[in-house]
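What follows is a pair of complexes built around chain A, which joins chain B in one and chain C in the other.
Coming up: the complex of A and B.
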């Protein structure tokens, strides 16, 4: 499974590296599960941009689900 | 409304196997039963034939597939030729002809007791059966299936003790029962990533917000889990103790025998 969670506004810079973020496939790991998703990534330091919506929405529900809550 | 497994969100999410974990439990079954090339096996509810393709790749050559859905059988035809359309409660097979039965995430959709008795009829004494399906991890009453708004593998799920008892009552000796709920959780998590939430998944399945909420409440009440059960068809064997002339046969039964093994697979510490 590979899902895309790219923001509408793609104009993001990595502040420490000073380079534009680029779309990339990222592995989200939690409790032994791996989910491949497409997010904005810094090509230099590999920092990943995760939006608040994604973190507090799908990712939170997935965490609770895997934790059996 | 279509059965859950035939809806677009489920078919897109689960691929050709149409069950959580794909071939993971099929591989576990083969590892445990160790069928050979001449093992005559029925894939009961074969769907698109993914399991049959895997078994063929493992060297098995006597594989029969049975399903109710013409479209799924048409897909399965690409992988194998020994296919039939029929109900599991009325198998188009003679008595005692099978060495092995696989029934993966199908049993809960059927008349469960009747289907087990039919499996027992077509299986040779000593033959193996492997069933994977949903069970209820809730400690509450067993009538929670009524709350599910769609006919699906969750709606007839019971607790594991009831599952084991039904097998024993139907002439099987349970060999192993394993919990594989992590595979179900992973599938649910993928649905969340795809649709935004579990409720949004059920909304996509049912097309109705109220039914989606009802499904979420049902899931919360039953706490679905995924089990794998492997059992042996009890048989007619010679018993020198009871048959003085060695011509009579005695049916060996192990009603209510507890499973030999119970283990929870893939449990991980959240910390």
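Coming up: the complex of A and C.
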């Protein structure tokens, strides 16, 4: 998995922290595999945004690859 | 890749042996050289002369001579024989060899040390020289003067031009065959050859003093009593297939000589001529008579005539199962090859399991077993492989996830088992099945009422029969479910069970043999009060669910009911025992939704008429194509009928319907008795139809969305867009993380988009 998956629209704020999400490194796991990727993250509470494009695109692809589906 | 022994080799061989598709066609089985006459005819029909010639060269020694001289015994076996007349395979061979002259490549083989002497130069001797020289044996061929060829020299020029014979002999020389002229083929010459093996062709003039030595050759190996001596070319001059039989004997002798010189057994694993024996089955009922093409010129077919004549070839194949099954056709092969694919898939330790989706896509409908002359079962093959995958923890987690979730939901929040209100026991139990409960809750209640009208002590049992666990290969889970059913049923006094779903019926019959179970349609068909009210309605194409394939009683009961109602039926070719799956069976729809769509489309294309079914799953699967589909209950209860053109119930609605049915049944016991409301259940959603369609496709339920939103509200944790104010909330529910983009206004959540993934985010809750 390549590293950066920042959405085109970065204008998201975290509730309740009230601060804008920022690019940050997040760990994703599936079937014993770990990936470090760059996503939008809340700098205070670490809430993450996984966009629709990412979930149904590259992420699904990798999931299916790891599943041997 | 790494492989391991899982599905035993022996097991694979047993599977493979059942599929006869690789058996030779009868023409090939009838050829003494086993030339692939089917492939040859097919190539000729396509006017592909070079491919046709390649097939002849592969099967024949000295093809330029053999193709011209062959008497074509294959034609005797041709399946087209009774459908207009056998294909003129001999004539086509001659046309091919005339139009496409052989271009021989020079073979450079390392010479072997053992030498062979060939006596005589008839067809059998030339064959021995040809076959063994091409293996690198130094050959000396002793012929009578003036030149090699024996009786082939006397064949008329129009049948075998002498120049062709000369060129084939030159080719043998180019392979290193040494030609020696001798005055007589007698004992002294043969004894004195100094070679390691001797072949004496009887299709040439042989001296009297060899008679004793040549007596009684072995019928299979053509070995003589003297070690290292072989013979052949034994046909009498008036034998109808003299030439090709002598060639074949030469070939068999050459095989023996090669084995002898290598010190191998002459008989072990030897492939013998089949003499027309083959297990290949070819269905011909759909093939119409086509008469042979008569060449305008007596000398033989023109190229165009040859194409036309070869075009009459039936291309004998079995493919009985593949012809009728979209799934088997989709993967471009046939069960024997599929068994190997499944075997290889299970043997891989490290590497990509390419056949996982293939294994998980079979609908397990068992139609192939009915069509196969040998009962090959793709269902058993795939189910065994799935169970192994689950056992070894290599089943893709997402493969059957949704179906198993549905099963769990129907078995928990949708489940109920009770005696009839005020009754203290049940003399029978009605098990409608979770799919019918999901799409037609009000009709289930009506059906239950009419059963209670017949027998007041009819209890009700709402649950999923666990078919999804069975189909998913979850053998252990399935066994647990069955045990639980057995206990529950025992607690109800072990009464007979009536189901409204053929899958439930099959699961119970096959796995709970102690439980007497039959179909609700059988019970209703015994009711003589039905009125013929539907005589004027349009005929409907009745599709039997695949799980009723071997349940003739239920299928007949449905027809009895329809006759009583006066409903006319349109013909549907694949019905009854050969009925087809709607694409849901075996969880095909979970493993490969696109394939399931093809399957269901192919099914509805089989009739112009609207469809009629008595399976809830078939009703909604078939309706996905836009085809009007009626459920039998719509005919039985016209006042609460659903329109035939109604779109399938969404996944979310099915859940709601099951809960509602349970709630309606419980109200009959006491108005207060209601299942506990889940805290998120009354969250109010607004979902536009186009959003709902996407949700269904992505298998995201409104229940899932409500849970996500409920949590977001409880924790006051979500994301807000800086400009639009749209919100995004997410939550991990079981194996999946769900995301919802929405707007909230006066306690109504307007859903904009939803998506999900299976990966986990470290720290996620």
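Just so we're on the same page, the second predicted complex is superposed on the first by the 67 of 69 C-alpha atoms of A that agree within 3 Å, B and C clash if a C-alpha of one lies under 4 Å from a C-alpha of the other, contacts with A are read in each partner's own complex, and residues count from 1 in each chain.
Following the convention adopted for this analysis, contacts are C-beta pairs under 8 Å (C-beta built on N, C-alpha and C of every residue); 3 or more make two chains touch, one makes a residue touch a chain.
None of these values were measured; they are calculated from a predicted model.
In the superposed pair of complexes, A:14 makes contact with chain C only, with no contact to chain B.
Looking at the superposition, the partner that touches the larger set of chain A residues, chain B or chain C, turns out to be C.
Touch criterion met: A:67 reaches chain B and chain C at once.
In the superposition on chain A, A:49 makes contact with chain C only, while chain B stays out of contact range. Looking at the shared chain after the overlay, A:32 reaches chain B, while chain C stays out of its contact range. Overlaid on A, the two complexes show chain B and chain C touching the same residues of chain A, namely 31, 62, 67-68. Chain A meets chain B in the complex at residues 1, 3, 31-33, 35, 37, 57-58, 61-62, 65-68.
Of all residues in chain A, only 9, 11-16, 20-21, 26-31, 45-50, 52, 55-56, 59-60, 62-64, 67-69 touch chain C in the complex they form. The touching residues of chain B, when paired with chain A in their complex, are 182, 185-186, 188-190, 192-194, 196-198, 266, 268, 270. Within the complex formed with chain A, the chain C residues making contact are 352-353, 356-357, 394, 396-399, 716-723, 727-728, 730, 737, 739, 741, 753, 755-764.
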